[in-house]
Amino acid sequence: MTALTVTGVAKRFGTTAALVAVDLHVPDGSVTAVLGPSGCGKTTLLRLVAGFGDPDGGTIDFGPERVFGPGRSLPAQRRRVGYVPQEGALFPHVDVAANIGFGLPRAERRSARRAGELLELVGLDAGLAHRFPHQLSGGQQQRVALARALAPRPSLVLLDEPFSSLDAALRLGTARAVVDALRAGGTTALLVTHDQNEALSLADQVAVMSAGRIAQVGAPQDVYAAPANPTVAAFVGAAAFVPAVVTACTAACDLGELTVPPGSPQGEARLLVRPEQIRLLPPADGDPDHDGTTDHDGTADHDRTTDHDGVGGRVVEVRYFGHDATVELRLDRSGLAVTARVSGDSLPRPGARVRLSVAGPVTAFPPG
Amino acid sequence: MGSIGRAFVVLATAACLVGLTACGSGNDGTTLTLYNAQHQDLMRTMVDAFTKQTGIKVELRRGGDPELANQIVQEGDNSPADVFVTENSPAMTLVDRAGGFRHLDQATLDQVPDQYVPGTGNWVGFAARSTVFIHNRGKVTKDELPASIMDLAGPEWKGKVGVAAAGADFQAIVSAVLAVKGEDATATWLAGLKRNAKIYANNIAAMRAVNAGEVPAAVIYHYYWYQDQAESGEDSRNVDLHFFGHRDPGAFVSVSGAGVLAASDHPTEAQRLVNFLTSEAGQKTLVDSGALEYAVSAKVPTNPALTPLAKLDPPAIDVSTLNGPKVVELMQEADLL
Amino acid sequence: MRRAGSRPGYPRPLLLACVLVALLAAVPLFFVIGYTISTGWTEARRLLIRPRVGELLVNTTELVIGGMAASAVLGTAAAWLVERTDLPGRRVWHVLLAAPLALPAFVVSYGWVSLTSAVEGYRGALLIVTLAYYPLVYLPVGATLRGLDPALEESARSLGLGPWRTFARVVLPQLRPAVLGGSLLVGLHLLAEFGALQMLRFPTFTTAIYDQYLSSFNSPAANMLAVVLVLYCGVLVVTELGLRGRHRYARLGSGASRTAQPARLGWFAAPALAGLGAVVVLALGVPLVNLVRWLVVGASTAFPAADLATATATAAGLGLAGALCAVLLALPVAWLAVRHPGRIGMLIERSTFTANALPGIVVALALVTVSLEIVPAVYQTTTLLIVAYAIMFLPRATVAVRNAIAQAPPVLDDVAHSLGIRPVQAWRRVTLPLIAPGVGAGAILVFLAVVTELTATLLLSPTGTETLATEFWSNVRDVDYGAAAPYAGLMVLLSAPATFLLTRSARRGS
């Protein structure tokens, strides 16, 4: 297995720039997810790595070997990459065993052993070997596609939105099985996806792409907790951006005074607040609970109590998901809308008045 | 992908080359190409006799008189034809006027009576056929028979006469009308026919229609009736013949011609073929063939079943003056074509 | 965005091949345009503005409109009875109703004319062309009916509509594209029809062009009529292209997983059976019985086994060569259209469809002149004849090959390459097996068309080359029905298995 290094790769289609100087390093044996919205260039990047097209500039290295660079372009069939396209793209005219053996030398193709091994590796029953692709479920097709890609022992496996066509129930299990199979073989893998849950939960490293550039590369937790910019922040998870004024490590905003990490931009700023950081507090004494009295809020009063008792707000809508729920709130002070993620028991009702606070440090960005 | 594109180009080129090499033009020294506007069976029989005598093979390309004549003219020097044989003389004249023929060997010309040879000596008649008015015995009485072919344009014949307007035979008959009566009279006559006539694909179809009573009468050549009588009579049982005679344009005797093309690559063999067609042996083959056309050679007696040519009293028309293209133009103007 | 399907830019050799094919396909059209210009207005006026042309226009229009309408009604009604009712013996009926596709129109016409001359003229012509061509409506409408979601009809029934009103208000509107598309195809066939109409003594533009050709070979008169015919066809083709564009949107999914509850015919079953029986008897029974009768008659007089064998071999050989050539020409065009979608691909694909508006007689006239004046080496050669077939039948080959190539998405090539397979090997192991059935179907379509092609063959075949169709025709012209029968029989025998295969695969494919 081998590392992948992409340096300064650019690609235009006509007048559209699909990739603008992309740099990416995928360490040996790791699973890296390229995450981005439709049209950000992530599939183009993957196709260039596979050799299905040539970049306009830059270099691509597999470990020590340069597969693309000035004066050199190794054709796809000699790059030894495994490729798992969307919806699997199994060869419809041959059975599962022949699909898996497709890239193997003729002698090895004949023996059923390798196909059996690979079926086992991707968690499928060996009895499927002689089924045809149309007789398999979507998840099974996807696993066979991986088995086919792994069969010639590639140095790198590329997966292009491999799970997007599966329904939710299948997606999780299939994705898990595929990544387990990749890890079991210590395979270097590049997974392209627009699903942040998939990227964060499956990958060792996440590269967020936007408008033909890599916006941020890092471990899933880092990308989520410390996004490089608001775009990345919004793409990797739900986010509220709250105007604030930062002084040293304290930011004053409608949600009260929040902590920001050292080195944050000073003065006017936008704070990134994730729904799970917003806590609903038990109703304070004396506050009318359910009567929905009209506003008579004394601003000074609230300010004073912020640190201890949170800020006041009204529940707009509650969405219940079983394992948890989200509560949409409107802040009393400014009317700002924020969403809180809370556990599924003891939910407030729409219209109820609540108090809320923010847990943990938040990220501050310069004002947009 | 580029390599697949290249593969397409290679395959397509290969297919074209295979096609080109597979298309032998047929002229490999001993095979003559005969553009045949005559009946295929008759010419097959005659050229088979020729091949038997000389060992020279002949391929037939079939078509109609004006079609093949115009084709030869348009082909010009590129024409693959060696010999042209027609049913009627206007087509021969058309090619002759375009300079498409080679002068025939004197021996050939000497075999044929003068009235079947044009002044140019570039082609000869080798068979003749007479125009005839046929009618359904039950539909047209003796008194109603027209005296002249010109009468068929009159109102009493509305819907009662069949012609094969697109056929060369009928167009030759029109050319005789043109030669005898002049352009204006012909145009008037054609306009009358347009009103009166039912159009058939060819003479056989017209005769069949007369026999079945679909149309009371038609103008055709004589041998269609004689051939059918000789075979089963199935299509002519109810059909009687009426020869116009009296030098009426309707008594026109049409001459089937044969000539050697200027563009021929095998003029010697081609001259031999035309010589054979007009020779005693060739003419005898014609008479014996069951085609029931008239032979032109004085040495070969007419088939006894036929009314002798001398009794038909045809109009005197120079075979080389019949004007095919003018006839087509007049018929187009009359909306018969 | 995602460029999985298309590669940027066009591979040069492929583009070059496509442009060459498009130019070849457009030769007859260029010729017609060029000829019109060179003929000049005065001469064109003399030849076109005259009562004969008016008469042809009326005849042709009457026949086209009547034939399209009658085929639409007959084809749709038959398809509905077979696909959506509890009619007894539906499978058998399907085969019987599709079978006339194996009978060329001139053979149907022959079967009738040799029985009675009562079918001559407009009414007879209308009857016979309808019997010969209604399967062109029946088959697509049947396929659409099979693919319709029965839930729609069930909803209509639950809203209180009876079977007839359900058909009229729910089913019929969805059939519109299939009915119109099929009818337009009938119209194009009628415009190009020669043999059947010549036998029925019903002159249209095509038969008149042939008559002109007989009278004066390749003359302005013939070519001016051809211009009118091309314009006429052009109107139909443009309409058809427009409809096909919308047709795609009208299609729903790949077909229903459930079959609809068949409508109960009740007392109507008897007249329905009688009606279908009448269609089968008239379209299949009369021509075939009469054909067999003439076979017996013909065999008693003469049975030229050698000529029959030669003509069969020639027809089959030309059919194979024509099919191969048309498919080879269609491959780059279809490949470009599917794999490199864009304006150039569409333009080239469309340009090959111009042949749809060019009846065989027009293509043949054009090639006669072009070959005589530009490439005399191919004049009167098999090559030229095959080129004519390829041009004429390129549209049907392109449609079939295009659908076939769409069965092999480019992502499969990518996967194969990523598995270390070289492009040529990938083409052999992936693309070829996937597109082969569709390409084969296209080849069969062209083969069928070539075997029964008459007009272009009459004009272009090399001296001494006789096909089943030309031998048949020359005997029919001489009203020698007995001698024509074996050739007609062989044409039917050659087309029947291929037609059967096609209708069966059409049924399974749905």
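Note that the chains are named A, B and C in the order they appear, and that numbering of residues resets to 1 at the start of each chain.
Just so we're on the same page, contacts are C-beta pairs under 8 Å (C-beta built on N, C-alpha and C of every residue); 3 or more make two chains touch, one makes a residue touch a chain.
Keep in mind the model is a prediction, meaning the values are calculated, not measured.
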Touching chain A and chain C alike: which chains?
none
Using mean Cα positions as chain centres, tell me which chain lies farthest from chain A.
B
Between chain A and chain C, what is the separation of their C-alpha centroids in Å?
54
Find the geometric centre of each of chain B and chain C from their Cα atoms only, then give the gap between the two centres in Å, rounded to an integer.
36
Using Cα averages as centroids, what's the distance between chain A and chain B in whole Å?
87
Among chain C residues, those touching two or more other chains are 7, 423
For the complex, give me every residue of chain B touching chain C.
1-9, 11-12, 15-16, 19-20, 22-23, 25-26, 33, 40, 59-64, 66-71, 73-75, 78, 80, 166-168, 171, 199-202, 204-205, 208-209, 212, 214, 235, 325, 328, 331-333, 335-337
Which residues of chain A touch chain C in the complex?
13-14, 18, 38-39, 43-44, 47, 50-53, 75-83, 85-86, 89, 91-93, 102-103, 145, 148-149, 151-152, 154, 158, 160
In the complex, chain C residues that touch chain B:
7, 11-17, 20, 47, 50-52, 55, 117, 198-199, 201, 203, 208, 211-219, 221, 321, 324-325, 328-329, 331-332, 335, 339, 369, 372, 376, 378-384, 386-387, 423-424, 427, 462-464, 474, 477-479
Given the complex, residues on chain C that touch chain A span 1-4, 7-8, 407, 409, 411-412, 414-423, 426, 429-430, 433-434
